[in-house]
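The next part holds the structures, each set out as structure tokens.
After this come two complexes, each holding subunit A, first together with subunit B and then together with subunit C.
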Partner chain A sequence: MATEESASVMDDYETLISTTDVELLKRAWRNEKAAPEILQFESSLVQRIKEQIELAEQNVEISEANNIDPLTVSLYQMDLDRTQFLLRSYLRVRLQKIEKYLFYVLKTDEYLNRLSKQEQMFARRCTDDLGSHLDETVLAKLPDNYQSILKQSITSEEDDMVPVPRLDTFVICKAKQYLSGLDFEPEYSMEITEMERDLLTFVCYKFIKKPLENGKIDLV
Partner chain B sequence: MAGQSDLNMSLFSPEEIEFMAEDELVEIVPNLRMDSLNFICGDYGPFHPQLAAQVPLWLAVALKKRGKCTIRPPQWMSTESLAQVLELERDSHAFQPLPFHYLEISRLLFDHAREDIPDMYMVRSLIEDIRDVRFHKVETNLEKFTASTVTWKNMSAMEVNIIRAFAGRALQAFYKHDNEQQAPDTDRMLDKQPQIPADRPKHNLKPR
Partner chain C sequence: MYARKGYELVKDLANGEKGQLQPFNEDLFNQVVDQCTQHYLELQALIRKMHEESVDVRETRNADHYGALIHHLSLIRNKRCLMAYVHNRAEIIQSFAWKVGLELLELPEEVQEKLSPSEKNYFGKHSAALQSYMAEVGIDLNVDMVPPKDPYIKVRVLDDMGEGILLSDKTANLARHSMHFLKRTDAEQYIARGLMEELTG
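This part shows the complex of A and B:
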């Protein structure tokens, strides 16, 4: 006789082994869309998805050439389209974020390391282009003290013209398991002490940064 | 303007939410034979005529459009169960448990599988009523929250999405003003608002 507890353990186990890469990519996509800052690039997941997409593309081509039932082929094509959409959307959200926080990402090692090689290249080229564009159109025509891209004037102590991701943005999340105080940063122990499983919670992003990075929370 | 610039980026469009809902499983009764489909998103089938099978909604709709199956509406979409939910929904402040994507699923089924839904008009009007009652609750809830974290049991995807931008900014404002007195320097890093010190005195004029 299965008790309720062992049933829920079985549930977890079932979801664990049946979780497909598409499901993981969907999670990464949702989190990336909802989080105010750029998250760690899912390089191995993206690699696996790319391989599966290639394989599926080949399959569709071969099936078309071999006159396999067009209905089946069209269904495979739909599955392929959906996966490609997810992947594109995931990569695109990241590019938008990189563009938005360009200068900040480049001068912060922690963020820079979250980007893939290609994204880092994109960020550098984007900065160069944007930098020279702003220089030519505006900055070079301003008085000497006001020519920095990063600062309002040379008297500014910090880079006060660089947009910074706002970690105090509120996000909606759902814990995959019960979270106790230990799962959160001790810094925020006053604000957040626990989180029930599966309960939708509106919460300040920085409070849940740690469990999000540990995969215990999904953004919705 | 500060703080809302990334609104479009972080919001899910209704189409994207529908895309997610299309991965929910439904039961179909195929009328053709077809081998297993080994998709990137998982394996489904094999399919035999008159033998029910579980497939994602997008696949069900695709087969339905080509006349290859009937879709069995999920149990919660029966008139009895919906009528009960509506009654409870009206009587209580809490949200009744419905699938996270109940609106999208029912909408897709109404659009593509109307003849498979018994009492389709009744079901549709029940779901519309439930939706209205729930949206009204969402709105009244918005008047009430003040804390730094807010939880909702059983709120659905579309409902969450509707209040996301507004509630998010409201809570952020609460949070910011709450913390201003303790640590007046925390929001020096606001993006696109480099000259914070200039409007600081204004804040101090309104004691909370």
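This part shows the complex of A and C:
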């Protein structure tokens, strides 16, 4: 009986911990790091975290000024540093993805809409810069019909010079709840039918794209 | 053989150590560009010949058509090689902004020498874009590159850095070979530039 009770207390504790903003950010960061494409920007979460960081900074300053035990202060500082690292790393991973798939992100509305306003500005600027660098170094020296940055030549019907994120890479993931066939894209119903809760699964990214976007799966 | 030079150019890139830059291979690069022009001239010559023989350029499948096709494909392949060369180098250059620093002058001289003028220009512009993003968001993204274990780390100064460098909580006299106990966020930028090393253990 007692062990059962303590188990349920632990469960409560874990759900509480797993819904703090820091934990949510950690999840967003992990997903972003593991996914081959850029995911939706967590704007309200980032906003909240920024405010919390500011608050924590003030707290540390006040504690320092009030001569509170330096060990306690340094623990607060450490906690703060970790949160800051998470936030920075999250933003950084996203920028690096934007850098990598610049042209594709910019010409695909679906991706462009996932970026924050600042990221969009960054992406536009980068595209201009990289575009003019490529123009100057390569394209301007090629014959007229071959000068497009997006197409191999004017005879190409599609943009076939643009690096595209590879959605068929494999990722490791864990479902947060039991997933039935309805949670997956119908077109992959042959490949994937269900997924147990909390079971580590090694799977092709595009199969689990939908439940990931719906927050039912975490990447590891 | 057609498009061999382009292959060599990409090979040149692939042979380099990952994340390290080789000098811009101007010579080979220009040879590939010249080849492109050459292919185009021959392509046009073949098409003109087909016009003169008044055969339908779109429909006819004769030797000239396939000749032209080969030139077209070789040209495209060369273009892809050229673009891959420049684009991959640009990716390495982007990574410098993260790993080394945002100013061209912060890059070690031997790296600067390997960049073409256009690449130098690109590095500057790209850094500026990054900087304006950071200013816009209000967060400095260039520190904290590894997860922090301890807010303070022990470092040794490797180069003369001059006196009175302002750190966030104190000024320190960072003389060469002296050892300090600094905030990680303060020290990281100097470690990245090779002015300090972290002492572990």
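The rule is simple: the second predicted complex is superposed on the first by the 203 of 220 C-alpha atoms of A that agree within 3 Å, B and C clash if a C-alpha of one lies under 4 Å from a C-alpha of the other, contacts with A are read in each partner's own complex, and residues count from 1 in each chain.
The rule we apply is simple: a contact is a pair of C-beta atoms (placed from the backbone, for glycine too) under 8 Å apart; a residue touches a chain by one contact, two chains touch by 3 or more.
Model, not experiment: these values are computed from the prediction.
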* For A:K100, decide between first (touching subunit B), second (touching subunit C), both and neither. => both
* Touch check for A:C126: first (subunit B), second (subunit C), both, or neither? -> second
* Asked: Once the shared chain is lined up, is A:V220 touching subunit B (first), subunit C (second), both, or neither of them?
  -> first
* More residues of subunit A are touched by which partner: subunit B or subunit C? -> B
* Which partner does A:M161 reach: the first (subunit B), the second (subunit C), both, or neither? -> both
* **Partner chain(s) touched by A:K141 [first = subunit B, second = subunit C, both, neither]** => second
* Based on the superposed arrangement, let me know which partner A:I172 touches: subunit B (first), subunit C (second), both, or neither? => first
* In the overlay, answer first, second, both or neither for which of subunit B and subunit C A:F85 touches. => both
* Structure fact -> Shared subunit A footprint, subunit B vs subunit C, residue numbers 74, 78, 82, 85, 89, 96, 100, 152, 161, 163
* Residue ranges of subunit B in contact with subunit A within the complex -> 3, 5-6, 9-10, 12, 16, 19-20, 22-23, 34-35, 37, 39-42, 58-59, 62-63, 66, 68, 145, 148-153, 155, 157, 160, 164, 167-169, 171-172, 175-176, 186-187, 189-192, 194
* Structure fact -> So, in the complex, the side of subunit A touching subunit B is made of residues 18, 20-23, 26, 30, 33-36, 49, 52-53, 56, 69, 71-72, 74-76, 78-80, 82-83, 85, 89, 93, 96-97, 100, 152, 160-161, 163-166, 168-172, 191-192, 196, 199-204, 207, 220
* Interface residues, subunit A side, partner subunit C - complex -> 50, 74, 77-78, 81-82, 84-85, 87-89, 91-92, 95-96, 99-100, 118-119, 121-122, 125-126, 129-130, 133-134, 136-138, 141-143, 146, 152-153, 155, 161, 163
* Of subunit C, residues touching subunit A in the complex -> 33, 36-37, 40, 72, 75-76, 79-80, 82-83, 86-87, 90-91, 94, 98, 116, 118-119, 121-122, 125-126, 129-130, 132-133, 136-141, 143-144, 147-148, 150-151, 184-185
